[in-house]
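Look for chain A in each of the two complexes below; its partner is chain B in the first and chain C in the second.
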Partner chain A sequence: MTDAANTDRWIRWLNLVQLVLAGIIIMAPTVWMVLSSFKPSFEVTAYPPALIFTPTLENYVELTRTTPFLSYALNSLIVTVGSTALGLLFGIPAAFAVSWTRISWPAILTLAARMAPGTLFLLPWYVMFRQVGMIGSYTALILSHAVITLPIVIWVLLPSFDGIPRSVFEAAQVDGCSVTRILWRIALPLVASGVAVSAILAFVFSWNYFLFALVLSNGDTKTLIAAAFNFIGEGSTQWGALMAAATLIALPPLVLAALVQRWLVSGLTLGAVKG
Partner chain B sequence: MASISIRNLVKRYGNFTVIPDLNLEIADHEFVVFVGPSGCGKSTLLRIIAGLEPISSGELYIGDKRVNGVQAAHRDIAMVFQNYALYPHMKVYDNMSFALELRGVSKAEIDARVKRAAALLHIEPYLDRKPKELSGGQRQRVAMGRAIVRNPKAFLFDEPLSNLDAKLRGQVRAEIKALSQELKTTMVFVTHDQIEAMTMADRIVVLQSGTIQQYDTPETVYERPANQFVAGFIGSPAMNFFPVAWRQERAILSQGGMVVPLEGESAGRLRLAGDAVLGIRPEHFAVTTEAADGIAVNVKLVEPLGSDTLIHFDLAGVSAIARVDPSLRPKVGDRISLRPQPGKTHLFDASNGQVLR
Partner chain C sequence: MSDAAATLAQDRQKLEMSALSAPAVIFTVAMIAFPVVYTVWLGFQNFSSTGKQSFAGLANYSKLVSDYEFWHGLWVTIALYVLSLVLQLVFGVWLALVLFHAKRLPGIVRSLFISPFMMPPVVAGMMWLVILDPSLGAANYVLQTFGLPPSDWLASPTWVIPTVALIDSWQWTPYVALIVLGGLQSLPPSVYEAAQIDGASPFKTFQRITLPLLLPTIVTAAILRSVDLLRFFDIIYITTQGGPGNASNTLNIYGFRVGFEFFNIGYASALMLTLTAIVFGAVLAFNRLRGAVAW
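After this line comes the complex of A and B, so read on.
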């Protein structure tokens, strides 16, 4: 066997090892979480962990019996859908405006806002929402989560809009379109898959966001992820129910991502619209 | 249908001036072609007329209306783009009807106009297809159809043939020319291809560095170029240029001192100027059998084109071409005698390139 063939074989093996390691690191907590949610509660924290056990739904039953789980799920849905819709409503025209004018600082500003720690916004928001009596309202939660969704929509859609040949917009101008009409009639249909991808990503990020809901919600508007935190108590954490809750919380984003996996990848690499 | 009037137009990008000061009158129903090398400002000028580029100073009129600040959407002109710029998500029919729909034209009227234009352009079978399902030539026709249905005041074409192969280009060129005669609408066509300019235009605008070098009919631009730039740009192969001087009552090549057989007016003009640049088109050389009548040259390369033959040779330090009858097939290294056809020579001022008249 030649040196080159030997090197190729080693590279293939190393790639495989890397993939397996990455898979274990990423998947192990998820697998452990799902398995634990089906274990009897006394076995969840047993050491060494039991790999063979009789699956039970007792944690799920306990979860729905002791908590208003469906109400929390509905709250999560309202906040996530609301903030995603808000992100799309303002993010689509914003991304188009940045692409159209080629003035990029507004997009960079929103990216900076997305990268800043959530605590930076939390205190001013808390004070502001309290002053107007909105603490615990859906509106406060939706508005705060728009900080998550808006930059995602803008940054996913920007390359999509940039990928449309400028002459297509110019043809529409000559045809008699205003800029607004160009956005709705020409640009938006051409970036439909980008819009879908940005909506899914915004949904997932908003659904998973914990900090704002923890502080700005109340008992009636608590989201699933903030409610799950309540299972961790001092010395009496219900690990089994917590695992069941975590599994159910992770389910919508995972299902969504699995359903549109191919679309997601192509949408994220979107950049060119071919006529 | 309308005339287009450009008065003292200046276009700058920051500190860079693309068009320094341009005046141009395009008559109603006229087919005008802007031609020039890359970067001469021809596409910029077209985009200014379309309303896609703002004017730095000067005035632009379409018909009687001053349109300096008027948006493209309200200029009532139609434009065909180099890459066609069709709406990829719309079917051919919708591409063509879109502008009419925006103007609130009734559905019956839209249908009639789209079908009429489709028949004219032979694209009826494709009305239900998306642009990606069409060939380059078909897309090009759809782009023209989109312009035609609107009955605009003027059609603007921005190098619409440059993405087509040579055969199709010739075909579509003829179709556009026929369309212009049928529609009788003002048309402005941008190209860098002088053959397109010569074959299609009522008048040609030859541009260089944002300045009009000559604005005249194709025949005049070819036969009586205003300067050395126009003479070199229009015509293929390009005109040959040789520095010449008037010495001892004869025209001689500045380098080498060979006598050039110049007659009549040309000789008179050179006598007055003393030094000049002599321009002879390749097709205006005649091969003579009498060596004393012409200029003896060595054949460097022979290109038989079928319809005629191109002979490459060096003369007075200049690489030159003669287009001769295809029956003449000299070999490389042969010595032949060439003579400029009487009345077909051009003399240009050696200092500024302007034609000597």
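After this line comes the complex of A and C, so read on.
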């Protein structure tokens, strides 16, 4: 074997070792969380930490018994689905118009929400929603979370709409199609996969968002993420239940993200990088 | 078609286009533009402990200049920002190179690598809270196994900022890596071939060719991370609430507490506008830098 081939093999091995190392660092905490959620209560806090144990569902049972976990989950689902739907409803036509006219300020305007700290909006919202008695309402939560979903939908869909050849639209126009009709009948079916990716990303980031629900929800409308705080308060001695809660909260976004991982990167950078 | 009819059709199209973006624009003005203007107004108001409101002029801003907690928060924000950004960029580029040379990435591996930043930051905070527990956590056990002294992590005023930076970097380094990987994959292969013919070492190739060509992508990643890092909130609020003491009290956490724990809405508005100006300033600066390193 030649020297060059030897070096090549050696480099490939080195790369594999680094890849495995990175994988372990990335995975270990999550694996530990999931493992801890299945540990019997006396073994969760065992020191040295136990790697081998008899798995049990007692933490999950405890969680649903002692906290209104399922109603929090339902709140999360209502707010997330509502804000994702609102983001799609407003975002799809806007992205289409921006792509067609090349007038980009509406898209850039929505990005402001991506840059400013959430508290900047939360202060005036709080004052305004309080005046009209909407603190704690699903409406307030859905509206506030739509601020997160709208720019995601617009910026993920923009490149998809840009990718449709102009001649398709022009031909339809000559046939006398109105712009709205072109959007719903011709353009939308062509970007269906983009719509799916934008909907999933909007769902994930709305589900994950913490700050707004922390202030705008009440005991009845609290989302899972906002309630996470309660689990910690109660759970300093109940790590098992805490990790069960963390595992369940993380499950929906992780499953959804895995479904569309191939298309995620360009969407996540809001079009900054063509992945 | 006559000129008049063509103009009419064009006007009609313009109108239809405006109608399409109108819902998004109206929503954004109502939920963002108007509230921000309102915040500017709130910043000139004084809210007494009984909820009474009065015009305060620039009092909130002069208070800010002499407020020790503000300057401390600014320092915490910047320290956490710089530390996290450097960690994430350095390890992000490293991870991108490793992934790039692995050539074929099965979907399951990719899902694995995006899992940290797809989960809620709040969940990341919860799990690291347990792992980093000073007396029973797994992290200290690992340290001691390697003969290293245990740490108080989040409970130590000295180590809380590096620890939070470490948690955030665990979550977001793969994100930076995927952006940089995108940049690597779009580089023209011809530049490498030229370097190979010239007999350049892998390290030299990276330093002289790959890195300069990647800089615009790295700056893009830096912008995206800056926006999040300067308004750091979730992980700190879940794990330390700004503690121990005020050791991790970032401007965003401080502003939130002034507004929603002490209900001093006016002063909180002044704090948040200042933080927003800092974020926009950083983005503008990086945008200039991106212009300078473009090729």
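Basically, the second predicted complex is superposed on the first by the 231 of 275 C-alpha atoms of A that agree within 3 Å, B and C clash if a C-alpha of one lies under 4 Å from a C-alpha of the other, contacts with A are read in each partner's own complex, and residues count from 1 in each chain.
Throughout what follows, a residue touches a chain if its C-beta (ideal position, glycine included) is under 8 Å from a C-beta of that chain, and two chains touch if they have at least 3 such contacts.
Being a predicted model, the structure only gives us computed values, none of them experimental.
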(request) Identify whether chain B and chain C fit side by side or clash on chain A in the overlaid structures. (result) clash
(message) For the overlaid complexes, name the partner, chain B or chain C, with more touching residues on chain A.
(response) C
(request) Classify the contacts of A:Leu190 with the two partner chains as first (chain B alone), second (chain C alone), both, or neither. (result) first
(request) Go through the superposed model and pick first if A:Ala257 touches only chain B, second if only chain C, both, or neither. (result) second
(request) Identify the partner contact of A:Ser178: answer first if only chain B is touched, second if only chain C is, both if each is, neither if none is. (result) both
(request) Could you tell me if A:Pro165 is touching chain B, chain C, both of them or neither one (first, second, both, neither)? (result) first
(request) State whether A:Ile108 touches chain B only (first), chain C only (second), both chains, or neither. (result) neither
(request) Superposing the two structures on chain A, identify the stretch of chain C from 5-13, 23-31, 185-193 or 257-265 that clashes with chain B. (result) 5-13
(message) Need the overlap of the two footprints on chain A, from chain B and from chain C, as residue ranges.
(response) 178, 273-275
(message) Residue numbers of chain A touching chain C in their complex, please.
(response) 11-12, 15-16, 18-19, 22-23, 25-27, 29-30, 32-33, 36, 45, 47-49, 89-91, 93-94, 96-98, 100-101, 106, 109-110, 112-128, 143-144, 146-147, 150, 154, 178-180, 183, 204, 207-208, 210-211, 214-215, 225, 228-229, 231-232, 239, 242-243, 245-246, 249-250, 253-254, 257-258, 261-262, 264-266, 268-270, 272-275
(request) Going by the contact rule at the top, pick out the chain C residues touching chain A in the complex. (result) 13-14, 16-21, 23-25, 27-29, 31-36, 38-39, 42, 94-95, 98-99, 101-102, 107, 109-116, 118-124, 126-131, 135-136, 138, 141, 170, 174-175, 178-179, 181-183, 186, 202, 217, 220, 223-224, 227, 230-231, 233-234, 237-238, 252, 255-256, 259-260, 265, 268-269, 272-273, 275-276, 279-280, 283
(request) State the interface residues of chain B toward chain A in the complex, per the touch definition above. (result) 50-52, 71-75, 77-79, 81-89, 98-99, 102-103, 131-132, 139, 146, 150
(message) Give the list of chain A residues in touch with chain B in this complex.
(response) 165, 167-168, 170-178, 181, 185-186, 189-190, 273-275
